[in-house]
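Here come two complexes built around chain A, the first alongside chain B, the second alongside chain C.
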Partner chain A sequence: MSNRYVYGVVEGDTVEFETEAVAGADRVYTISHRRLGAVVSDIDTTDPEETDEDAQRHDEVLREIMDDDGGTTVVPMQFGMAFESDRELKNVLRGARPAFRRAMNDIDGTVELGLKLVSEADADIDREAIEAAAADRFEPIADQSVTNDLFSDRLVLNRSYLVAEDERETFDEAVADFEADHDDVIVQYTGPFAPYSFVDVKIGAQQ
Partner chain B sequence: MAHPQRRPDSSSLAEVLDRVLDKGVVIDVWARISVVGIELLTIEARVVVASVDTFLHYAEEIAKIEQATAEGDLEELEELEVEPRPESSPQSAE
Partner chain C sequence: MFILDDLLLRPFVGIIDALHSIALDELYDMEALEDDLKENQLLYELGERSDEEYRRRKEELEAELETAREVHERLSSGRVEVKR
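Take a look at the complex of A and B:
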């Protein structure tokens, strides 16, 4: 079990707790390089199998990190980022330090919330008016937002919002208000997630 | 209660998979299994990168920018250096 499965990167903190982790591990801990730390669990492969269970564990561990010690900011990894050993991991923490620190800065003290607005079957809705109403209501509260795929004709809006922890209640209220004002749309409100959609960092290697 | 609120739902598997499998920081396999003879390349974008092709295009563009700015930014350049034995290299504490 000398390989390391990485959940995310924290700064100035060391996170350690027992939990149900990816690939049957029962403990997560932190491998640090200077002030940056990668929260990992032990694993015996660098190519972990993608299962629903382990994808959910990855997400749950990130939530636990976010709740750790009264609130810890974590730059979340995509599923499957397993390293050969501590050496390779520290090399990436060092080499990509500016990118991790900028991402950390962008998401400090925030969570990601998901919102889907789906028109009721057979409802004759004014899509533009609903989109504009949603933008007016939610964009001022959020730090940033991104659109996701509109994979169905009935899907009027599918966005992720980056919201500061102390604006979450305001956002919850805005969603309730919006829902009360719009009988013809179904509101799917999800999260809080680690800010996956707001850390657009890819680290490549040239041989 | 002063004001009605909606609580977000965190239990949707589809919502979790959408994020965990498609978003978050991605690290190339070579950077995860080797430190010898590789050079790290970091790409940050404010737009969502949809495909490997787009990623490679960004990688090319960013490499050009980094080359152009390398001289003017020694601190950044040091961050990108790859050392053969990272754990034994002395680093000044922050």
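Take a look at the complex of A and C:
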């Protein structure tokens, strides 16, 4: 178990706790280079297979990091980043330092929330009107938003919103109001997640 | 239209090849299969699909996706020839 699986990168903090981690590990900890730290668990491969269970553990560990010590900003990594050694990982932290710092600035004090609006089966709905109503209601509260893949004909909207922690409650209420006003769509509201969709730092030794 | 265009533009491509290529694309459309997988997950999460049905469909789709991947790999490695 000499390889390191990375969840995300934190600044200035050292995160360490016991949890159900990816690939059966039971502890996550931090490997630091100067003020940047990669939160990792031990793993015996550099090419982990993405099972549903491990993808979920990856998300949950990130959520635990976000809640750690009264709230920690973490630049999340996508599933599957594993490194041969601590040395290799520190080199990456050094090399990508400016990118991490920028990402850290962008997402400091925010969470990602997901919203899917799904039409009822066989319902005849005005998609444009629903999209417009959603934009009016949610965009002013969010710092940023991105659209995700409409992978089903029944999906009217599939977006991720970057929302400041202290606007969370307002956003929750807006979603509840929207749901009450629209009988013809099913609302799937998910999160909070680490803001994957709003950081663009790709690291890796294998690529 | 597609077949017609193809034939007009490239008279050397036989109709069988064109049809074969369309069939392969449709049969092994990885993007569509991935979408179906996500839709299956969504409908399960919304409670419209039972646990059993969700798992069965998921297994089917994953197997189809695996086959599609193999076919695409063979296509790109040139072991199966499709002229377009």
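Keep in mind that, in the parts below, the second predicted complex is superposed on the first by the 202 of 207 C-alpha atoms of A that agree within 3 Å, B and C clash if a C-alpha of one lies under 4 Å from a C-alpha of the other, contacts with A are read in each partner's own complex, and residues count from 1 in each chain.
To be clear about the criterion, a residue touches a chain if its C-beta (ideal position, glycine included) is under 8 Å from a C-beta of that chain, and two chains touch if they have at least 3 such contacts.
Owing to the predicted nature of the structure, the values given are computational and were not obtained by experimental measurement.
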Should the pairing of chain B and chain C on chain A count as a clash or a fit in the superposition?
fit
Who does A:K90 touch here: chain B (first), chain C (second), both, or neither?
first
Check whether A:A55 is in contact with chain B, with chain C, with both or with neither, and answer first, second, both or neither.
first
Included angle at chain A between vectors to chain C and chain B, based on C-alpha centres and rounded to the nearest 10 degrees:
80
Just chain B (first), just chain C (second), both, or neither: which does A:A99 touch?
first
Touched partner set for A:E173, first chain B, second chain C, both or neither
first
Contacts of A:V118 with chain B and chain C, given as first, second, both or neither
second
Broader residue contact with chain A after superposition on the shared chain, chain B or chain C
B
For A:N148 in the superposed arrangement: first (chain B), second (chain C), both or neither?
first
Distance of closest approach, chain C and chain B, by C-alpha atoms in Å
5
Output the chain A positions appearing in both contact lists, the one against chain B and the one against chain C.
188
If you look only at chain A, which of its residues touch chain B in the complex?
8-9, 33-35, 46-47, 50, 52, 55-56, 58-59, 63, 75-79, 81-84, 86-92, 94-99, 102-103, 112-114, 146, 148, 169, 172-173, 175-177, 179-180, 187-194, 196-197, 199-207
Complex contact set, residues of chain C against chain A
34-35, 38-39, 42, 45-46, 48
Where on chain B does chain A make contact in their complex?
3-10, 12-13, 15-35, 37-49, 55, 58-59, 76, 79-83, 86-87, 91, 93-94
Of all residues in chain A, those that touch chain C in their complex:
116, 118, 121, 149, 151-152, 154-155, 186, 188
